[in-house]
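Chains here go by letter, A, B, C, D, E and F, matching the order in which they are written, and residues are numbered from 1 within each.
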Amino acid sequence: MSTSNRPSGRVANQLRDVRFTRHFTKHAEGSVLVEFGETKVICTASIEDKVPGFLKGKGQGWLTAEYGMLPRSTHSRMDREAAKGKQSGRTQEIQRLIGRSLRAAFDLEAFGERTLHLDCDVIQADGGTRTASISGAMVAAYDAFAKMVAAGTITSIPVKQFVAAISVGVHDGQPVLDLDYLEDSNCDTDMNVVMEDSGKFIEVQGTAEGMAFDRSTLNSLLDLAQDGIAQIISEQKRVLGISA
Amino acid sequence: MSTSNRPSGRVANQLRDVRFTRHFTKHAEGSVLVEFGETKVICTASIEDKVPGFLKGKGQGWLTAEYGMLPRSTHSRMDREAAKGKQSGRTQEIQRLIGRSLRAAFDLEAFGERTLHLDCDVIQADGGTRTASISGAMVAAYDAFAKMVAAGTITSIPVKQFVAAISVGVHDGQPVLDLDYLEDSNCDTDMNVVMEDSGKFIEVQGTAEGMAFDRSTLNSLLDLAQDGIAQIISEQKRVLGISA
Amino acid sequence: MSTSNRPSGRVANQLRDVRFTRHFTKHAEGSVLVEFGETKVICTASIEDKVPGFLKGKGQGWLTAEYGMLPRSTHSRMDREAAKGKQSGRTQEIQRLIGRSLRAAFDLEAFGERTLHLDCDVIQADGGTRTASISGAMVAAYDAFAKMVAAGTITSIPVKQFVAAISVGVHDGQPVLDLDYLEDSNCDTDMNVVMEDSGKFIEVQGTAEGMAFDRSTLNSLLDLAQDGIAQIISEQKRVLGISA
Amino acid sequence: MSTSNRPSGRVANQLRDVRFTRHFTKHAEGSVLVEFGETKVICTASIEDKVPGFLKGKGQGWLTAEYGMLPRSTHSRMDREAAKGKQSGRTQEIQRLIGRSLRAAFDLEAFGERTLHLDCDVIQADGGTRTASISGAMVAAYDAFAKMVAAGTITSIPVKQFVAAISVGVHDGQPVLDLDYLEDSNCDTDMNVVMEDSGKFIEVQGTAEGMAFDRSTLNSLLDLAQDGIAQIISEQKRVLGISA
Amino acid sequence: MSTSNRPSGRVANQLRDVRFTRHFTKHAEGSVLVEFGETKVICTASIEDKVPGFLKGKGQGWLTAEYGMLPRSTHSRMDREAAKGKQSGRTQEIQRLIGRSLRAAFDLEAFGERTLHLDCDVIQADGGTRTASISGAMVAAYDAFAKMVAAGTITSIPVKQFVAAISVGVHDGQPVLDLDYLEDSNCDTDMNVVMEDSGKFIEVQGTAEGMAFDRSTLNSLLDLAQDGIAQIISEQKRVLGISA
Amino acid sequence: MSTSNRPSGRVANQLRDVRFTRHFTKHAEGSVLVEFGETKVICTASIEDKVPGFLKGKGQGWLTAEYGMLPRSTHSRMDREAAKGKQSGRTQEIQRLIGRSLRAAFDLEAFGERTLHLDCDVIQADGGTRTASISGAMVAAYDAFAKMVAAGTITSIPVKQFVAAISVGVHDGQPVLDLDYLEDSNCDTDMNVVMEDSGKFIEVQGTAEGMAFDRSTLNSLLDLAQDGIAQIISEQKRVLGISA
């Protein structure tokens, strides 16, 4: 994958700079600023000592996620969802995806009747906000559980697998990794992939925009995603001080 | 694929009975009752002579979809969304998927400044309501455009490709086609696939429930889906009197 | 009542074909498709094992109703109430009427702390949707209670009286029975009547549209309604296998 | 109708004191405090120089009504609808009735593209708030139109008929006129009647509460209502200085 | 303060006629019509035998306020908040202010686990509705507590201090007391002051409209307010029969 | 003001570290991270080329503000307003205050029919979020106007006065400047002051919490606020490169 027509000049299988800043804000049990290039998301993990009604008395925990964008995180200002009085379908779709992905990472039965709330708030958007959110929420959640271990509330971090996510797509006829906004607005296929560190898939969501895609394109995209996610998980572990 | 542990007794690559009843209700330009076994959805297509604000004056049309379930279409009664005052995240996710899928089927620039509204209302649910909705909406939309041709409003049906959808999943360790409710509630991976009659993909949405899935499982599932969708598109064309 | 100017060609005291199809969908305890000519409504009855807060601990049951129209059940497409985020005044008025009418049919103290939910969803509208809903809900509710008897949950069906409903109106100067949409849009007076099989009234709701009505017109309308409802109740009993 | 068991001591065909205080507040074009005994409602009529979208350019006017209750107009405090974020079904039902009734009183084609807004706000409730509202709104609307005549905006008051309303019911086995709260909470049948000064009906809304009612009871109730409404219309005209 | 340019002809430190009519409506435990000139507000105080969740089991009471305006209490008709489905920011700001002010007047720990609901509904607005509301609510609340004492529910009225409120502002360059609507729409600074009978402040809310104000103007305004509030508290006590 | 009992160890008239980081995010015309100690707010200024309806065609601009808190900007997690479907009264009160304050800073008639949207989003809260928001929004707005000047859209920055805000209060009996969360939760009086660089007031909002305050306390608080705001305005000008 030598040359590339990507607006960013990146080669096809090249991630943007991925950075996790832990302890970004001070109140949350876990708080991470995740950056995928110019995309910046604050991910916080908050522990609450109760579970939703449908789980009461079952002795297990719950994990849920919410997602938002600051009104001017985007190129032109979006209406504030709180002022409009409802979350868009896109917002709900994304926060459901984050929740499902992170529930795959942790053992819900191992932290008692507690809820872990993940809040992913985009402060600057440049494509890939949902995959950055999932990847950053993993680190924030890990930190929150580590704090519970340190406090003696639970005996070990209930992690089953590390999870991370990345987008891939077909840009200018070429499968590429980690679309930024410019690529995302001009791609034919857009796919978001969530994966475990085992290399297995949690979610695969591919959408043809403009032109349908065939099996071989799908395979190229999945190859790119698997490589990219492996790098992200490796960075997650590095900032958490976990040997791979 | 000889034997099977499917609750329904179906073999792994066997669809339920798929049936399209055209002209099911009398007011809509297109109206189809689609049945995937015991799953029954009324799909109507309505033509409106205007487009949303963002398309005004551009000389092209729009296509949009809404989805709903009758409160007692399900095993136990669900709250009515109109009474609760909002559509769930799941509902919005599904209606966005239906809309994207059907926009891939038709040429939006070929029917003037009009909107095609697709309404998919589930009257009986037994798994696969979103894939039945997409498959039925295709027939309803085709009928609505045919009516416009008959009325001389447009000169030909602006269809680009037929589209249909099916679910696949891993049940009891085995990849199977077209999950019914019983299978859906007990499967490890659940995937919805939307495809064109060319065999190319419009949407691939796979979710691990319980256990992550590997590339080879993913490939088996896509094989099943491609076969199933080809059969559904063939049935769509048959009821519309189109030779394949 | 020999000749008639009714668009339908019906004579003044003639009902449309009234048909009740039991067991129309499979999950609900009672499920009926009711047809008054081209008006078609799915009525389901669902049993829930609890009562609203204001009845808790009183040892009695409750019965409540909701009403909806599919967006394209009508001549031109209506906005979906779930998408708009609220039910119209008309919808609320109708579902309150259905609830009151059916509470008159059953003995609320005879089925324990349970709620019977009646859902009336119009799939095709041609006038008289509220009266068809009431008449169909009676059959669905009866079936649901019969199922409870069969299951040994209660010892007998807690029916006090059969109830049914019909519309009457003044069309082209003439009092007529069971208005269809064409008549309804052009009538001077519109009245909905709910009656017991004893011949007594549960509800009488007459509205002058265009021209006020006098006592003698009111009397003619009530005569028509009483005859019509008697026929509907007779049909309800026939399909339920009850000798009159 | 000599003796009576009415809690109020009134004889069966006796209205409560009915009083209209014109010019009750100073900003509205028409403003009336209407009292039916202890029931007190402020009715204002406001002229707006535009019509709803569906009437634009048709050269005619519109009349619409809204209804509300102060939270502590009732025996125990009700939640404020503005704080709950929605109007109850009962509120909507009542304001639709007021609107329909008053549209029957005035010639909508005779006051240009204007909207008359009627606001009926209950400050003290003791039964019969909707009938008091209709009766008071008639006077407020008349005053508002008179103001327009005085200003030379229109040449004559576009009144077709005077309208007023009253409730009747069966209390303790006896048909009675103008139910107060105590009677209303204990009656078997409750009927609201809206009538023109010609003696013809605009609305008849009878509801069995507890026990269904027969034709002869219905007739007695209508007799009572006709007498009562005639008295109220006579009082409306008196306060407006119109000779009967 | 001899001459004045006030539209009303009042001198700078002159209140409008302030009047409190107790027992204005019959159901509420306390009910007062308060008039500041042409501004008229119905203030009711309702006792409920429970407290909000955050106070349950703490053995103390709560006091809360709501505010509303009849749609035509104003010069031109405002939309009804209940119909719009939400309270404006202004409404919420005012009701929060009323609640805080009255909580300063009473000892919340001295009337058990009860909530005092204050409802302030403006029936005619001519400036100063929030200050009239606070001043009137004081009297209504006092009456409600007096009723509880009379009923033996509590042993003494839990009043700590009398509170009242007034607006002041700079009109035509001159600091003036108790702005009416005409003055309010044309003033440079608008300040609302809530004070105890001790002369101490509960709230001071000054806003520059058009032109910022300096310390010396602020001092003149506070002088005016202190005098005005003292007069209002004196009138509150007089109508309640309390010697100053 | 030598010694102090402030939890922070600050002396009574000591501000926290006040820092403005310009160009904090990349899309907005103005984007500032403002920090008052541990309180951190992102303030963005967005230019939109239209005005609200009430200003159309008047040739002038508008300025408006919105405020929000990330769910875990606070000690314990708050519900997300977008998910609840409405903004709290507190949120609305604050965003109205920010809007009024900034409208005092700029000449609305000097930048054409455009709207400046100010968004203040708290990412970490430690008391004083509204005063930090106002102070930061001033810098963001200035930057946005400077960008318009640079682009040649307007000829000069339409600033009339610099504005900034600070809180003051009585803590442990002592008037202190710039309350942090710990002080804010335990103070007797809480006052927010908005001032111009001329030293005149835009807003003074003082609230007694627990104990009413007298004139002399009020005066001490205003002295503190005037000093504090002067320092903040001086810092605003420094980061903007404006000589005082």
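Here is the rule we use: a contact is a pair of C-beta atoms (placed from the backbone, for glycine too) under 8 Å apart; a residue touches a chain by one contact, two chains touch by 3 or more.
The model shown is predicted, which means the values in this text are computed figures rather than measured ones.
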item: Farthest chain relative to subunit D (centres taken as mean CA coordinates); value: A
item: Over-half contact-pair match to A-B, picked out of the listed pairs A-F, D-E or E-F; value: E-F
item: Whole-Å gap separating subunit A and subunit D, where each centre is the average of the chain's CA atoms; value: 60
item: Between subunit D and subunit B, distance of the C-alpha-averaged centres to the nearest whole Å; value: 51
item: Subunit C-subunit D separation of Cα centroids, rounded to whole Å; value: 28
item: Centre-of-Cα separation between subunit C and subunit B, whole angstrom; value: 33
item: Contacts with two or more other chains, residues of subunit D listed in rising order; value: 85-86
item: Order of the ring members, counted from subunit B so that subunit C is second; value: B, C, D, E, F, A
item: Contacting residues of subunit C [partner subunit B, same complex]; value: 25-28, 31, 38, 40, 42, 44, 46, 48, 66, 68, 70-77, 80-83, 85-87, 91, 117, 119, 121, 123-125
item: Parts of subunit B lying in touch with subunit A, wherever the complex brings them together; value: 86, 89-90, 92-93, 95-96, 100, 104, 161, 191, 195-196, 198-208, 212-215, 218, 222
